[in-house]
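In what comes next, chain A is part of two complexes: it sits with chain B in the first one and with chain C in the second one.
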Partner chain A sequence: MIEHLATGAGLAFFLFGLFVFFSAVLGLFRFDYVLNRMHAAAVGDSLGIFCVLIGLMLLHGWSLSAAKTLLIFVFLWLTSPVASHLVAEMEVATVPDIHKECEVEER
Partner chain B sequence: MFLLFFLLWLLLSGGVSLHACLWGLAVSALLTWFCRRVLGYDWRIFCGHPARIWALIRYFAHLVAEMLKAGLMVMKIIYVHPKKITPKLVWFRTPLQTDRHKAMLSDSITLTAGTITVRSQDGRLLVHALDAPLAEGIEDTAFQQQLEKMEGTQWRR
Partner chain C sequence: MSKKIDETSGWLQRFAAWVDGDREPPDRTLLVMERRPHRDFRPTEEEFERREKDRLRKFFNWYPIAATVICVVMAAILLTTVMNMPGFGDEDNPINNEVSERYLEHGAEETGSENVVTAMIIGYRGFDTLGESCVLFLAVAAVMILLLRDEKNTTGRELHQLEREEAGAREHADLILQQVAKVLTPFIFLFAIYVLLNGETSPGGGFSGGTILGAGVILFSAAFGVQRTQRFMNRRTYSVVRTFGLMLYAVLYGIYIFIGANGLPNHLAGMILLIDLAVGLVVACTMYGFYALFSRGEI
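Moving on, here comes the complex of A and B:
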């Protein structure tokens, strides 16, 4: 019974994760500026990866591969903010009139 | 740090055999030496007071919850009104002192979809927010308050 429940929950997580990735790709097309598009990609990085990997862990059960999946979480979530930060910094540093693209506020 | 490398080695090699353990011990010792001497890493990060480790666990649980919430919010923006957003770049001053905590704060901000840390300069952070409501209260988030508490306990030690 519990196995069936875990399989069902795993499938649900996995399919929702795929839907999140679809939304992220759709967002890449719907937004119109590089910094906005990065947010759409970030949805896939955080929510999408979380749902897909949790789904895989539930489908496989607690095993060595599940532990390795946890490692994938750690490494992805350590590296992805660094990469997006670098892309964003490069964009802001190289565009001279960033004020035209979005409002800049000092707090 | 040695223990961390050794556990990682065992996890990746996929079993506990004498062969794997011996190679693991050798490689972990070499890597620990390299990290401490050449890269200058501080191994004490990992073996602090139990209260600090508990605070870190609570912080990461809160981070995951915020990441999921923010992901759903950005998904809603993608489907409902992708053209009516008002993106914003916000400079704000962070009270955090140490580089480690500043890096944790900016990584957390970047990991939550909808906000990306662009630059860190003289104790100030530049954050890009996808929509104006996402930037509200960015200068005093729960992440920052938790990190401030963690930094406070570190200074006292």
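Moving on, here comes the complex of A and C:
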């Protein structure tokens, strides 16, 4: 029973992750401003990868590979937001009239 | 073209002018067909724009159709090729010949490496890999020739601007990047060393490990700036490490070939490991060298 439950949950996670990735790629190609595109890519890299990897771990059960998957996922969660942050910061620093594009918090 | 051709100019000049298509006065024309007046059709601005728009619209009408047709044709060609290929893992595939059989059966004992891929790359086909390492080495040398800064190709203004940029980067250091780099860099280096040293027995080896090592150095350099990177990686160290890697490889493989290649495997049990290390050093230096040279022109 519990195995079926885990498989079902894993499948659900996996499919949701695929959907998130699909929408992320769609956004990456359809949006035209860099911050919007960065947002789309970051969604794929954080939520999408989370759902796909959790789904894989649930589908395959606990093993050494699952532990490595967890490590990969920690690594991606550490690095992907930083990359997005750097892209956004570069955009804010180089575009002179950033206030026209979006709200900027004064620091 | 603007040269005036008249009666007094020599025949050579006139011939050259004729070849160039310069205009001559019609009564002096020699061997030239009768000229029609040039049709100087110069459309107005709006006309031009309208025609351009028209052309674009036509193009965008046809573009999806053409793209679809091309994609479908390409996919059909590739799929037909795949269907006609021998099945995956078939016994009588052309790849199952005596060469791969030899590699698989005797690779471990002849080269001392459990990992067949490493045995092939560094044992059997070591010269090929040596050539690749040389290509990387030469690539960095070529980029250095083009981009390296010294007093002869840098003006004071450029230096001043560079210094200002660096000072700005130091003042507004990115806290988020620095914190993450502080956490991650040791693990990246650890993983790189693991991959480098485990190439003998598991997937990995010089190229992948060296790439990870170079990426770690690049991350450190991007997060903490040039000064702190130059504490352990200045130009002198860089050159020494790079040259040492290639020399180590060349010398080891030379010895290996000289004492009979696959006849004496046990004399050089650690050879694969050392060569992996040498390749890793060269690759890491190439990665970091490209980054440093392209971003600020010095190492």
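By our rule, the second predicted complex is superposed on the first by the 100 of 107 C-alpha atoms of A that agree within 3 Å, B and C clash if a C-alpha of one lies under 4 Å from a C-alpha of the other, contacts with A are read in each partner's own complex, and residues count from 1 in each chain.
Rule of thumb we're sticking to: a residue touches a chain if its C-beta (ideal position, glycine included) is under 8 Å from a C-beta of that chain, and two chains touch if they have at least 3 such contacts.
What you are looking at is a predicted structure, and each value in this text was computed from that prediction instead of being measured.
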Which superposed partner A:Met38 touches (first chain B, second chain C, both, neither): first
Which superposed partner A:Glu101 touches (first chain B, second chain C, both, neither): first
Which of chain B and chain C A:Thr79 touches, first, second, both or neither: second
Chain B versus chain C as contact partner of A:Leu64, first or second or both or neither: first
Partner with the higher number of touched chain A residues, chain C or chain B: B
Partner chain(s) touched by A:Met1 [first = chain B, second = chain C, both, neither]: neither
Partner chain(s) touched by A:Glu89 [first = chain B, second = chain C, both, neither]: both
Chain A positions touched by chain B in one structure and by chain C in the second: 78, 82, 85, 89
For the chain A and chain B complex, residues of the former touching the latter: 20, 23-24, 26-27, 30-33, 35-36, 38-40, 42-43, 45-48, 50, 64, 67-68, 71, 77-78, 80-82, 84-85, 88-89, 92, 98, 101-107
Residue numbers on chain B that touch chain A, as the complex places them: 8, 11-12, 14, 64, 67-68, 70-72, 74-75, 78-79, 82-83, 85-93, 106-107, 110-119, 126, 128, 130, 135, 138-139
Contact set on chain A toward chain C in their complex: 75, 78-79, 82, 85-86, 89
Complex contacts: residues of chain C adjacent to chain A: 174, 176-177, 180, 183-184
